[in-house]
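In the two complexes below, chain A is the common chain; its partner is chain B in one and chain C in the other.
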Partner chain A sequence: MESVRHYAHQEVTQESPLNPKQETEPEKGSQRKKKKTYVPGLLLLLPILLFIFGFFVVPMLYILYLSFIYTDSPTATNAVFSLKNYMLFFSDSYYLSSLWITVKVSLYTVLVSLLLGYPVALTMAKSSPRVRGYIALLIAAPLLVSIVVRNFGWYLLLLPNGTINSVLASLGIIDSPLKLLFSEIGVIIGLSNAYLPFMILAIATSLYNIDPSLERASAILGASPLRSFFSVTLPLSLPGIVSGCVLVFSMSMSAYVTPALMGGANVPMMPVVAYDQINNLLRWTFGSALSYVLLATTMIMVTVFTRGFEKSKFREVFR
Partner chain B sequence: MQAIKNAVRNDVEIRNVIKKFGSTTVLNGIDLEVRQGELLTLLGPSGCGKTTTLNLIAGFLEADEGDVYIKGKNVTHIPPYKRDLGMVFQTYSLFPHMTIYENLDFGLKLRKVAKADKERRIDSALHLVKMSGLEHRYPRELSGGQRQRVAIARALVVEPELLLLDEPLSNLDAKLRHELRVEIKRLQKEIGVTTIFVTHDQEEALSLSDRVVVMNGGKIEQISSPTTIYNHPETEFVFQFIGKSNCFHGTVTATDSQKISVQLEDGWGTFVDADNVMGADRTCRTGDQVKLYIRPEKLFITPSDQAQPGPFHKATITQMNYLGASWEIDVALIGKPVQILTPMYDASWQIGKEVMIGWNPSDIMLIKK
Partner chain C sequence: MQKFITIIAVFLLAILTGCGVPTAQKPAETQTGTAPEQGGAKQLTVAGNGGKIEKAIRDVIAPKFKEKTGIQINYVAGLSGEILSKVELQKNAPQIDIALYVPVDVQRAKEKGLTDPIDETNVPALKDVDPRFIVVEKTAAPAFGLVIAPAYNTDAFEKNGFKPIESWNDLARPDYKGKTAFADISNDWGFNTLYALALANGGSTDNMEPGLKKAKELAGYSSTFYKNSTQMMPAMQQGAADITVMGSYAIGDLATSGVPLKMVVPKEGVPLQAFSATLVKNTPHKQEALEFINYLIGEESQKAASDAGFYPVVKGMKLSDKYEPYIGLKETDKTFKPDFAAFAKIRAEWTDRWSKEVTPQLGKLVSK
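Let's look at the complex of A and B:
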């Protein structure tokens, strides 16, 4: 199950039309050198193609197959091929609310990391390459610390008697401790913290690509810096915003460690529930159905989101 | 009204401006006036400060010392969006997410122009640059030349106080560059907007401008009409930067109010018009060591057997290049390489052949060493 969870977002990001620049550039290169590198290129790709086929495509298909197998109990031998796992999922309010919580927490995570990340990306884009490098280093630094360690770090801050509650209480702002941990807020804090670097780097990349003379053109035509930002910079950074949002959303949807540690039983997000089904209840086939519902939800939402932008009045930016 | 303004007004005045980037002084005391309605070119090699000067006028940079006035108002510390200017950039800089109409509308919206008036102005601006009918295209769908036309229309549609052009033609191919150059000149005269044009291309500067400002190393070398810049440069730099040049070394042997006699290092002599002395004080005395400059197309070349009046000297052809409209002929004049540009051709001219070359005393420029 761990592997499914991991690959789920990768598949989504591969299939979604993310940053168009990144996709077209290698294409150009291969067109130029097509005749020379075409056959050796395929040979070079063969090992990874075999690896992905053997350890990703086949297991995914097997899990898809399992999700259609229904048994009364883990030990029963009367397995039948049916839609019953899916029907069970959609008829039980516990699982539906789990899906809803997963989507809700992921959307909030996207929102928080977008609002926190955009100003950082903008600062990076306006800085000299040297300062930009330092900021990138600072942003990437938390990625070097294990996610488990980071979550336990949050415990110290967020527990009822943790730093934040103690400070707020001693300032007289709150009477009783806020429920920051083992709540949706806790998971949103943890996930935003973990995925913020991806949002920042995605947006910064698209900001770097904006011709700096566009802001000058806007200023000389009479637009104040604020007006220039909303009329020129923000719309032109939409590709970065969209790819950052897609990245953070699909990673949040499939996150396991942070929801498990920061949310616990109070925030039953889909990956946690699926893990529970498979590992603790040994309901392999139902767990498989859960992961496919999660995967389908993520893919549909991401597709609708990106297509929506590509068909919007800003479609020109995505070409 | 217009005529009165023309007579008195400088649209831009730059007073003793100094600009430094870190420890590098980019502008070292610039004084410049731009007259109303003229097309002024800032010309110079890269790093001479021409773009910095334009950016100071636009407001993208602030002067460390000195003042900038636009239409009599001190704008030294006013940001670009409050200066009411039009500007065209080297990279076109059209907003890629907006149609041509929206690009032109951008500045009008900010000026809160009424809708009917707006449409009329956008129409006439696009008509002016011959881009009517493309309102609903996106910049991506236009060619480089078309984009630059739209960029010019976008700058003009707001009816700016000044039009600033920052190397607008350097990203275009030679033919388009020429076409658009002619167009810009026509437009500028038609509208009468005071225009400052930055370029490193001397041909562009000479053909477009009412006046040319030649800059070098953060200083202004000369401000003159194109013909004066070319024919009577005030400094050695201007002579060498504009057009090609041949250089001789010599000593002044006599001077009077009309002519200066110079003995060249190889023993023969020539006259130079007294007006043609370059340099700070524009004078020289007997005994001064001098350099003489003459442009390749000012040299005459004739077959050696024809007797000629005036200063003519024997030379040997070392190289002949056909340029279509003219011939570029390299000769050795007493061992020194000299280049001649001539539209004429004589079948007897061949590499190794002897010819006579001559010049007019009024075409030689002289400077003290």
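Let's look at the complex of A and C:
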């Protein structure tokens, strides 16, 4: 099996456009030519850079500034720079448990999406382009429906006297209704439903890039289909799995609508708590601090996760 | 490359300049904004609740007002707290001329200096308004009257032989365990429920402790407190809940759509209030805005409010016959006007305590 892995590595490094051998010895003429095309290339990026700067960087910096102000009003004249908002967060078990619930629900969402999404992505990768197109359409179809509408649909299905509980009760599987709604399970169902397409498409993209001859080679070398999957397909699809997990985790951490509608007051995830602080209690500055704690937690977890994989024994597939 | 950096620097500077602190424009300088002249017609921007209020203003009140004055109304729908945040952020250059708030936000807007005074001198129709609806004196004109009250599913009560609700304390009964639809404290209905529970147990705005204690029991028999009040309607429609506390207009809406729902006025009374219109401070269209507010609380508009299920605020006017059987208030029904200034002061503290002490009790008595 080692030989299979070695072959895969060779192929990646030989075909890589980032192969240093190909880039370190360019002709002087082409270097000059590259310099000329550099500026128009950056100019093409200018609109999006300006967009991100104006509509993301500037507001985020303003929110960061607010998070260090200890007052109830962003326009108050007695505003003072202070770490009090952050200290309040870290000294209050309610907010810490809210962060923990957010992380826990997001991790479960990733797990459910991965377990449900991987087989679909694998089916897509094995299918003909035509079937693949149909499956992609089916996967993307729910995204055409508003998240609020989808959540109301789930709400009606998951009610104690809703469709799912009624069917399970009529089949004699349950005696009393399952608590599917207003619980972490309800939020995980809603979030997994919303973000599953992102997981599937990320993994599928990675699976498409695997050379089918690798699987054939492993079979020739005597590996069973299961062994081929775990030794060839799964490791080579890790970049897709990692990007799918990062995408779903980040979106779950910042989700507001689903936790509010499916979790009610029972699942106080951070975005819901931050929204309440800002819009209902008008504590802009504390709400801003909550937003930054959430952002920092997400970034740290995502970085540790991706770095962990990039430095693991599978690091070759990330190159 | 230097040229490129210069171009980027110029663009960034331009953006930064645009992102500077907005400064107030003098009315005479206003060329664009909320009420520009458009072929002789003026425009006003009104921000208020979505749903029934929006529909009443968009479909009936605004077109009639335009017919009379030529002023076009642009309606921006949103939650009261969101509107207050917007008005505060636009403090120096208001884009909204009239903001419709729930009572506690009228008080908060006043405290933040976001309103210009309103009284009988600039809004003459106020002299005909029932003073019970005025939430904060000389600050806002009450426009859409309501009470926040318990309501129950008549079929379920009859079928199960539940005792009638006579007190706010009766909401916390094992009879309805798991079949309740109460709003979370972040919602106005939720905060009014807490206050009513405090009143029913000898408390007041100075002492909400008894209310919090009873609310823990209420939480025990409830599966959740709804973060989004619009979700409470389908809960009642689907039979997932038998009892609720809602604004009277929502109860009326459900009842007239066929849900067997009946409003109750407990012996301690129900809070009478109104979504109220404020004149946004420094709006460049003060006169036109005052004209609209005056029209909004006049008989013609109040007829539209009544047809939408709100109590008309004009003295002597009756609620629409369509809603009377479900949410009509009898002479004997006790109502009270909460101290909204005190509400605004204590809201944050009791919201925090509710989240930390009441919410964790949710569902604890349901499975027993």
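Assume the second predicted complex is superposed on the first by the 274 of 319 C-alpha atoms of A that agree within 3 Å, B and C clash if a C-alpha of one lies under 4 Å from a C-alpha of the other, contacts with A are read in each partner's own complex, and residues count from 1 in each chain.
Following the convention adopted for this analysis, contacts are C-beta pairs under 8 Å (C-beta built on N, C-alpha and C of every residue); 3 or more make two chains touch, one makes a residue touch a chain.
Note that the coordinates shown come from a computational prediction; the quantities given were computed from them, not determined experimentally.
By the touch criterion stated above, A:Ala223 is placed in contact with chain B alone, chain C being left untouched. In the superposed model, A:Arg319 lies in contact with chain B only, and not with chain C. Note on chain A: of its two partners chain C and chain B, the one contacting more of its residues is C.
When both complexes are overlaid on chain A, the residue A:Phe68 reaches neither chain B nor chain C.
Of the two partner chains placed by superposition, A:Phe56 touches none, neither chain B nor chain C. Looking at the shared chain after the overlay, A:Gly162 reaches chain C, while chain B stays out of its contact range.
Contact with neither chain B nor chain C is seen for A:Tyr86 once the two complexes are overlaid on the shared chain. In the superposition on chain A, no chain A position is in contact with chain B in one complex as well as with chain C in the other.
Residue ranges of chain A in contact with chain C, taken from their complex: 38-39, 42-43, 46, 49-50, 53-54, 58, 72-75, 94, 152, 155-156, 159-162, 179, 181-182, 260-261, 263-266, 268, 272, 276, 278-284.
The residues of chain C lying in touch with chain A in their complex are 1, 3-4, 7-8, 11-12, 15-16, 18-19, 79, 81-82, 84-85, 88-89, 91, 108, 112, 178, 184, 186, 223-228, 231, 234-235, 238-240, 347-348, 351, 355-356, 359, 362-363. Of all residues in chain B, those touching chain A in their complex are 58-60, 79-87, 89-91, 93-98, 106-107, 110-111, 138, 140, 154-155, 158, 164.
Contact residues of chain A toward chain B in the complex are 211, 213-214, 216-225, 227-228, 231-232, 235-236, 314, 316-317, 319.
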